[in-house]
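Below, chain A partners chain B and then partners chain C, in two separate complexes.
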Partner chain A sequence: MTNRVDRRVLLRALVVLVASAAAFFVLTALGTPALAAGTDTAVTHAVASSGEAAAHATQAGTTITAEAAAPAKPGDNRVVQQLVNGLVFGLLLALASVGLSLIYGTTGLSNFAHGEQVSLGALLCFFFTTPQPVSLPLLPFEFSIGLPLIPAAIAAIAVSAGTGWLQDKFLWSPLRRRRVSIVQQMIVSIGLSLAMLNFIQWWFGAERQRLTTSIDERIDMGMFSIGISTLWSVAISLLCLGGVAYFLMRTRTGRATRAVSDNPALASASGIRVDKVVRLVWIMATGLAAVGGILLALYDNAAAFDVGARLLLLMFAAVTLGGLGHPFGALVGSLVIGVAVEMSTLWVGTDLKYAVALAILILVLLVRPQGILGRPERVG
Partner chain B sequence: MDLLLDSINELFAPATAAFALAAIGLNFHFGLTGLLNMGHAGFMLLGMYGYAISTSRGAPIWLALVIAIVVAALFGLLLGWPTLKLRGDYLAIATISAAELVRYLGRSNTLQSLTGGSTGIRGNDFKFTFEELSPFPDENITFLFWTRHGSLSSSWWLVLVAWIAVALFALLYWQLARSPWGRVLKGIREDEDAVRALGKNVYSYKMQALVLGGVIGALGGVLWALGGSVQPDSMGRPTTFWIWTLLLLGGAATVLGPIVGSMIFWMSLVLIKGLASAFIPSSVLSPVEIEPFSLVLVGVTLMCLVIFRPQGILGNKRELAFND
Partner chain C sequence: MSDAPVIVHADDLYAGYLPGIDILNGCSMEVREGELIGIIGPNGAGKSTFLKSLFGLVPIRAGSVKLGDEDITNMRADELVQRGIGFVPQNNNVFPSLTVMENMEMGTYQNPKAFKAAWERIGDLFPKLVDRKNQRAGSLSGGERQMVAMGRALMMDPKVLLLDEPSAGLSPDRQDETFVRTREINKTGVTVIMVEQNARRCLQICHRGYVLDQGTTAYTATGQELLKDPKVIELYLGTLGA
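Then we have the complex of A and B:
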């Protein structure tokens, strides 16, 4: 295996990109003749930028903003602001996707129910912190808990991590023992995601719920402004990601985890208890997803039952971009996806910003399925 | 008694036929070839858009159908070309993202004047060409216990056409699955390398299956749209997962599996909702909670099916497409 990108693959990717851009162009031309040219180039720009580096995007961005977009406030630079937003969003997304990547690395499962863990974390936090009366499904009485935010968040994370433990103990570990194939397990996870999504909707309703009523104070940093609680979120997520990195690189169990990721059979033969490691990975993954969900809910001001479902494909995009199963790949991928998603709103409508991430995902699968940090291996 | 009649009504409703048709398409992908297409709703949505947009711009019905088919076929080609060489779970992620991409584009404001944005396209804008062809009188007709309009919306006319289409495509599946072509596809499902060693172009066969199944899915989408309206958000990921559930319920790689699965799926949804609202007091399960409650059951059913009876009701355990 060489590191060189196959020329035929590149050509194929290029043709698909051009064809879909052309299709989009034709559609926009049919739809809104006036807007057509602008949006199409915007999409191609956004897609192109993400593949290489954020630097390119910034460059392309400055020219466009110079022409068109007026800054919202004097002193605020829209490009820098979006870049910062993107980095914050990427960091929070990384918290959620690291778990997805760890699970894929140690068990080979693409867990489609991971998005629901994110929403569960956010809404459990709401459940513990809201002063309004809440209830449990199937129980006909209401009560209110109303803990302060931080104990509520800790409780939510603990409960979420507990669901990870439960899932692995009663669902995934028996499936692995029965040697159910990975594809079957993947469809089981899809069923689980469908069940959990609707369970969460049943429990918390379909409305967007606010975790806190206080309004975030924004501080002006010259080129951009950022909320104080957002700064706290960034600090917490850096701390968590640092903790995961320390765990993986420096501790004995962490090394065992990486060994299982590398080669489960060999790890098992050299005396690592694979099942214990996988159980721990599930607990960590669901706990981190809950942290990510809570922080994202604070960042977005509110959370609904489908917040995780909408993020799931972004997480897949991030994990695939960084390299499936590579824990630091998830971080790199999330940052790129976060920046690409937020920067793309400079050119395309906000309702299309997730579409940009999916376009990146498809492009990555075309050109370099093993991702940025992944080892080249046969995936076909 | 009403509940029983309602659920029997659901057995032959146009929506059931539409999902059965879409599941037949998915059966070409998964049952016959073993492709993990997790973006079937994308094909359906494209078929709906192709039909509805061309009709609302004055195309006759045959042209609108051709456009729906061509759009879905192009999407299949575009999607399959790079991804069919990837491993199964990569294909799943690529197809699910492509389908979501179609939905995001469809509901975006950028394409508002073409696709109607997130509100979609009203039924009255594109259903008239189909409804004009109806041989039934223009009034409510009661047949045995059930009353439907003769030719408007989810009418007897649509019921008739939809089930004829389902029967035709089930027949097509039956004939193709027995043909040499179908045997090659089954070979690919069982062991791709063996088929390649026999000198078959695996890639091309997979592509043919993907396009054919996608086109059938698009026709299912057209049937669905004819019973209601074009709504991008009704064709999200849950729809794909429902089709998977009902296909696995009836039995993948069988002729009647998708049809039986669709009938049981829709009937039990109505039954569960009806029974839940009749017997569970609303203090325990309020009316708004019944919908998510029944969908939780769908998810659990999917999990249990895959774990305990992956061949479904009609399937044969030896004909299983779950290999890595």
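Then we have the complex of A and C:
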């Protein structure tokens, strides 16, 4: 029965995806103003993965990939290219936002500081990977680390996950124990977000930092092209999201996490140490945010101190669209948002692409208030 | 039964949800092993608060609770589960997004090796749950949810089971079924402490009853004695259906 229900909701999500893709395809096929615009603009859109990438399209790497991705005929494979870009962006967004969903599910908290965890992950990776002399806050001297990318990424993820442990141990857990209301906790998270944003800017500066100087080689797949490092990012995202799904559905602690998400008081009455589960969720959420931040920075060629803050609304939109607190809501919502954001650039200006994502959020919620995967509960 | 050792002893409890506002004002109770105890009283008497304070869900400001010889006053719920106390809340007593089987699994969270044997035992007691094992608990009817809730609490093979108004919101035939099940559970040797609004039905099946009034223990006697007590009839049971 469960499998049947799950298949049904997945099918529903697929229908939404296909319908939105088809709608965009029809609109583009009808020849909207954006298609009629110059090829350069459209091609730049084709490889722009987010607002930053579009704004910095003059950077060497992006320009090269833009040229590589140039379609032979305008309007021929642009839709497919944008669909692929959207799916990739959606997967990376899912990785960044799945932790937001897990924290909301287990504690009820809408954590506004989650965006900064994404930025922190990316910039910590830069910190560990850069061969330039770097400094730590409050330390009077500089030193160089210059680790290779993969060990640097692992170190950044570990440190980020550590910040999740620290936050829960010294901030969120005491607030919960003192029965501080969820709204008050949310205000605290907004304050923490601002504090972290300023701290990260003070530490790393306002300029965009590149995690790697190498230029991504692109593979021509016929209808679209994709970078090799992007393929790796997609594989890592799928692995991480699959891991989270396996943890939640197949392990005892994962099922306990879902139980805490459903009803913390009853979970405690069943013998589950709710505080331990929530701590684990904080560690996982911040670790996954770091993975998402690093992969987004690689996909975008660079990361800035406010990359997470810019993505926060999209992450909230994805989590809400997918179904608040639903374990796979973040994934489905992110894919829809990713595709909508990237494909909207075919017919509206890049500046409006996030607005399109939020318009889709409103439309879907008007039809399905519980989100795509959310299920209405029986009353009585 | 009167020779059996005391398993739960609550002594002069003062407790409440908010600082400075006590709902319990000196509640005491003594429960012997294997007993089925009913707690009745008017609305607002503190029945559910009393049960929750025993399970560490409402802070006790004065008095003590003992399980056997061990002081368990204000102990965490998961520690009480470890010591063999199960609790079935009145509302929100299942995990709606988990399947029936997963709900049962949460019952043996502290001892996963016991799951298989416990599931067979609960399956014998509630065969309907076996048929619905892969169904989400959130899609079950009120009576079925009550079965899941009781089954989950029994999975951990508790020494003491605390039931908070198990018949609330159920149709009369489902209420009867719930009382019969409670009696069956008690017959397997589990000590049951039950808070009930349906006082008459509760006193019919329980060994002893406690009548709470304004946060204090007003009367205690056997279920049959309380059913015949003119004061209890006048104040709490009413004359209809006597």
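The rule we apply is simple: the second predicted complex is superposed on the first by the 291 of 380 C-alpha atoms of A that agree within 3 Å, B and C clash if a C-alpha of one lies under 4 Å from a C-alpha of the other, contacts with A are read in each partner's own complex, and residues count from 1 in each chain.
Definition applied: contacts are C-beta pairs under 8 Å (C-beta built on N, C-alpha and C of every residue); 3 or more make two chains touch, one makes a residue touch a chain.
Only a predicted model underlies this, so the values are computations on that prediction, with no experimental measurement involved.
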item	value
First, second, both or neither for A:T320, with chain B first and chain C second	first
Residue contacts with chain A in the superposition, chain B compared against chain C	B
Touching partner for A:A267 - first (chain B), second (chain C), both, neither	second
Touched partner set for A:L352, first chain B, second chain C, both or neither	first
Partner chain in contact with A:A256 - chain B first, chain C second, else both or neither	second
First, second, both or neither for A:R210, with chain B first and chain C second	neither
Chain B versus chain C as contact partner of A:R279, first or second or both or neither	neither
Residues of chain A that lie at the interface with chain B and also at the interface with chain C	380
Chain A contact footprint on chain B (complex, rising order)	36, 38, 78, 81-83, 85-90, 92-94, 96-98, 100-101, 104-105, 107-115, 118, 237-238, 241, 244-245, 248, 281, 283-285, 288-289, 292-293, 295-307, 310, 322-324
Contact set on chain A toward chain C in their complex	1-3, 5, 252, 255-256, 258-259, 261-263, 265-274, 375, 377-378, 380
Residues of chain C that touch chain A when the two form their complex	55, 57, 76-78, 81-82, 87, 89, 92-99, 102, 105-107, 109-110, 112, 134-136, 138-140, 142, 152-153, 156, 169
Residue ranges of chain A touching chain B (in the complex, touch as defined)	9, 12-13, 16, 19-20, 24, 27-28, 30-32, 35, 39, 110, 137-140, 175, 180-184, 186-188, 190-199, 201-202, 205, 309, 313, 316-317, 320, 348-349, 351-352, 354-355, 358-359, 361-362, 365-366, 369, 379-380
